[in-house]
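Going by the order they are written in, the chains are A, B, C and D; count residues from 1 in each one.
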Amino acid sequence: MQRKIQVGILGATGMVGQHFVRFLQNHPWFDLTWLGASDRSAGKKYRDAAQWHLGGETPASVADLVVEECKPGNAPPIVFSATDASVATEIEQAFAKAGHAVVSNSRNHRMDVDVPLLVPEVNADHLRLAPIQRGGRGWKGLIVTNPNCSTVVLTMGLAPLKPFGIRRVVVTTLQAISGAGYPGVASMDIVANVIPYIGGEEEKMQQETQKILGDFEDGRVRNLDARVSAHCNRVPVVDGHTATISVEFSSKPAESDLLEAFRSFAGVPQQRKLPSAPPVPVIYMTQPNRPQPRKDVERERGQAVFAGRLRACPVFDYKFVAMGHNTVRGAAGAAVLNAELLVSEGLV
Amino acid sequence: MQRKIQVGILGATGMVGQHFVRFLQNHPWFDLTWLGASDRSAGKKYRDAAQWHLGGETPASVADLVVEECKPGNAPPIVFSATDASVATEIEQAFAKAGHAVVSNSRNHRMDVDVPLLVPEVNADHLRLAPIQRGGRGWKGLIVTNPNCSTVVLTMGLAPLKPFGIRRVVVTTLQAISGAGYPGVASMDIVANVIPYIGGEEEKMQQETQKILGDFEDGRVRNLDARVSAHCNRVPVVDGHTATISVEFSSKPAESDLLEAFRSFAGVPQQRKLPSAPPVPVIYMTQPNRPQPRKDVERERGQAVFAGRLRACPVFDYKFVAMGHNTVRGAAGAAVLNAELLVSEGLV
Amino acid sequence: MQRKIQVGILGATGMVGQHFVRFLQNHPWFDLTWLGASDRSAGKKYRDAAQWHLGGETPASVADLVVEECKPGNAPPIVFSATDASVATEIEQAFAKAGHAVVSNSRNHRMDVDVPLLVPEVNADHLRLAPIQRGGRGWKGLIVTNPNCSTVVLTMGLAPLKPFGIRRVVVTTLQAISGAGYPGVASMDIVANVIPYIGGEEEKMQQETQKILGDFEDGRVRNLDARVSAHCNRVPVVDGHTATISVEFSSKPAESDLLEAFRSFAGVPQQRKLPSAPPVPVIYMTQPNRPQPRKDVERERGQAVFAGRLRACPVFDYKFVAMGHNTVRGAAGAAVLNAELLVSEGLV
Amino acid sequence: MQRKIQVGILGATGMVGQHFVRFLQNHPWFDLTWLGASDRSAGKKYRDAAQWHLGGETPASVADLVVEECKPGNAPPIVFSATDASVATEIEQAFAKAGHAVVSNSRNHRMDVDVPLLVPEVNADHLRLAPIQRGGRGWKGLIVTNPNCSTVVLTMGLAPLKPFGIRRVVVTTLQAISGAGYPGVASMDIVANVIPYIGGEEEKMQQETQKILGDFEDGRVRNLDARVSAHCNRVPVVDGHTATISVEFSSKPAESDLLEAFRSFAGVPQQRKLPSAPPVPVIYMTQPNRPQPRKDVERERGQAVFAGRLRACPVFDYKFVAMGHNTVRGAAGAAVLNAELLVSEGLV
């Protein structure tokens, strides 16, 4: 095969940055050669700059890389952004202007009208915003984003059902602690407890879902005309966000129609066999008590979303459960899949 | 004061029975003098018949009581039923027929048209079924029931809002492991995990809520004309069921109306100052991340329900969080409050 | 009864300070009227200065107290010190010099030769250091300290056995997360995990134990002539430190001798019926799988230590388990008991 | 390469049996073609006979295998025994007599004088008991065993230090819930709790360690002349037993000697590059707070043991921490490595 594409990470020392480092190990297309972080870390070896919080030890392939400042300069063509929201706007724009493809996990540009908010199985065509973004902003590079971690689970769960006309959605999440970074949630707050609140999360789920499930028409994304209400909770689970979902449809599908829709669902990543695409993006489990985060989250390298318990809802039409890996499919794995989509589209 | 009323427990050795034993310690009206259990336990001292699963050790006041068979015989006038559903129907009816007030936590008779399904703050007037039950069945005693543990949290949370016309409710629960008895949920299934399924629980919540919030009219309880959809989950919390609730009203109340309704809510137990009545039955917490089971569940002896996070719902009118102690307010404490209500009504 | 003694808290807004606030509610001798904290908090009402981390809400009795700076000035005669180690030395000395009895939970002065390191059931006679401290330092007030939380569990467990001649002790702790304050241990580090390290803890246990179990002779405390080795671990338990202990004795006691020693153990707090003294300071449990933190820690208001599983040790003479409440008996409750001892000795 | 060796599992439907099924997936030497279980399961497909408790779903390669009775008949040459102790003696002997190599995880034959209790890195030479066993019992097959899960962690941790003359060992374990099988430990007993007791575990650790670390001399295994004392605790961890270990040596090694011993340790499995042998059997971690079960247990497929925190012990010579995967290196993975050793020795 041809030479690998060099990639870098903005905000490489933080928790999300570490997830990128781990997910990019042995990637068939990408070679992680550049790590950017704050001034405080720049100039240090990665092993010294980053206290490794994930399992095992700092991967040997990056342990001795010297961390750089988050400035375009000699950065590679694709940079994954795991920067903090407080600085992401400026840094990401600087890289895009300098010609880099910025594949961002930060929330800052997600709702910009000219920035694709991608779930490649769901809305790969939103990449048609790319030339509009470049033209409008005068950039050689571009910014694409992936959704908030809980939004990915919801939208992957809903996408197979979109043809039936989604009108109203009530969703409650049971979210893992890894979603809050490090140190994140204090153990005194969550051991044997539930926190019925995650700042800003409900708003993000409600807004992002409408954009992701919207259609690209006339040079812009038209939001899905559906109402979404989210209740977000933190639970003492390490990895994996669970969502209980009630949905009202404009059509009146049979339960078997919906099951068939889950089972036959696939998208561009599957068609093109992108390296980080799960063969089956939404795995419907038939056991009555599944999916479960601790037992299912690591399957398919964390890149699939699991659904189950589809049944009639006394209030709306149907209800079901969805679960996915918040730091993989909901963050680093989502962004890497976005980058693969960009490459397959010839946008890098 | 006058002499205490002697009370007993049917199914005293199981987990719910133990909660009754603990809650009845030092009760100002009731004296626990009789413990019934299966043949296997009958004839043994309680300390030997029951492996004590709650905190501390078997209370000294009952440790040496000899367990009896679950037959009316010399049982006291009030018996609390913690019997297993597989035998509760027959046992409870035998005691009611023999003249005992059976205050049951079992599900068997909850939905019988002539059996009150009581939450004393909410529907004390459903006790008007008592003479109908006695007349119809030819019993000297009677059976009253309390709801399923998760239903109590939901109905206590909804009751203050009933005047605004509840039409549709979508509720998701995050339920504690103590709700499943002993040994109950295997640790391998729930440590750092979520189980998105509790057998039969959703149906119970949906049906019981309509009966509890219904009105007594023309000699019967007319179910509340509202649709309820429940998603029930088990989470690794010891005590305390949390519920996220979205509600549609037939009127269009302001948020301040609902807050005022929570704050001013009280019922018969508060008016009569029943010994196990919480002074404020629904405590509305204003902190954005409360109530939380581990931090709030033991307040008010576990007899209050806590609400919080009232806010507009993009799908329905409002959404909020409720939380209550599943083995106290949702089981033993609920039944003891029912028994106090019976006494205060002169029904014992 | 006579008027209560006014008391204050140094470092009232932190986690340990909050434990003092809670433990002092409704104290029969002491009236909490003064709260000291850092400049940042001074001048604010306590409810605003301290984010309440314990169960329920900020106690009403202190919610509106205005927090003061940690300067003697108008502080009451007894001050409990929950100040951070980085500032405790200076603050505590200033208060002692100004005539206050400083009852400290901080580690700074514990090992000073003229400062009593008290476990009142074990070494109340170490208070004979008080006049020596006052004379030597020229203070009108004084400083007394309580041990590190894990040391309390170990020394209370060993104290009944001291008459048999303790020579060598190997102890492993399984410590609760509440011992690390707030935010303390990150949930990502401890949910479903063990951390086999607590900075400085092993050294503290090893040194403090020798001083506490030492004898006051010739105007000073002679350390116990025993070797102690500690292995300290953090486990996902909320409250309650468990310790497994192997002990070598200079005599060869029978197991029944040791059991009798546990059961008959009592000290000055029990003799004088100090208000915070547990009636039985070391409760020996006979069940094979007890004590357990979640099930036993709240008994006796958290002021007793629990022992169990005494059996022969193939390496040393005997081994057993001890468990106690780290934030009560190991911190706030320990200090309040120390203050009661001071009062009963006429030292305040 | 040559054809794979067919293998089977006795007790295939239980929790340990499922671990064998999982560990044997894609094994380069062994082909799992036979599953034995109780009469109740015999005749059913494995997917129906066994409720799959591990992550994901029943592996496709065995899901449709029909479970057989545990009788030699057509069973393959190697059978892994995961049978319950109540029946293991009879079943295992029947298979050994019929010519099968029985590689057992059950405790029944571990302490038999003619049965090897193997940790291949430590005592591969104990296989010299094989001809003695066959001769003495008149068997064509044989039985070899692996230790109890906690013993594996201890003996792998001690083995590198054996040359320095181990005399006394005090060990405390913090054991994962998966060690208790399914349903195993009730969640009400272990969520946010510690159980300071595991029935029979301490005796097993004490006895088995002496045999494993003993030398084969004069046709038998002479136990290590060392005293071992174990304190066994259950903690809310999913996989991975942690042990804190204090050791007295007959020589006086320097700390650097011990570190070097850990780092250079290897055994027969490494020399022969057996497929399930970890490249480095004991991985010494230098971070002060490692190893940790949740973060390290899955490394090296769960087949390595991790050590750390080596330091002087005030009571004995040194103390340290060891941790290993109880259901892999402590059970299924241990037995598969034993089988590989048998094959490499020509004993199958």
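Just so it is clear, a contact is a pair of C-beta atoms (placed from the backbone, for glycine too) under 8 Å apart; a residue touches a chain by one contact, two chains touch by 3 or more.
The model shown is predicted, which means the values in this text are computed figures rather than measured ones.
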Joint neighbours of chain B and chain A, given as chain labels: C, D
Chain at maximum distance from chain D, centres defined as averaged CA atoms: B
Chain centre separation in whole Å, for chain D relative to chain B (CA means): 48
Approximate Å spacing (C-alpha centroids) for the pair chain C, chain D: 42
Chain A and chain D: spacing of chain centres that average the CA atoms, whole Å: 40
Where chain B touches two or more other chains at once, by residue number: 189, 191-192, 236-238, 294-295
Of chain D, residues touching chain A in the complex: 54-57, 191-192, 238, 285, 294-296, 298-299
Residues of chain B that touch chain D when the two form their complex: 53, 177-178, 182-192, 236-238
Chain B-touching residues of chain A, taken from the complex the two chains share: 168-170, 172, 174, 189, 191-197, 199, 206, 227-229, 231, 233, 235-238, 242, 244, 246, 288-295, 308-309, 313-316, 319, 321, 323
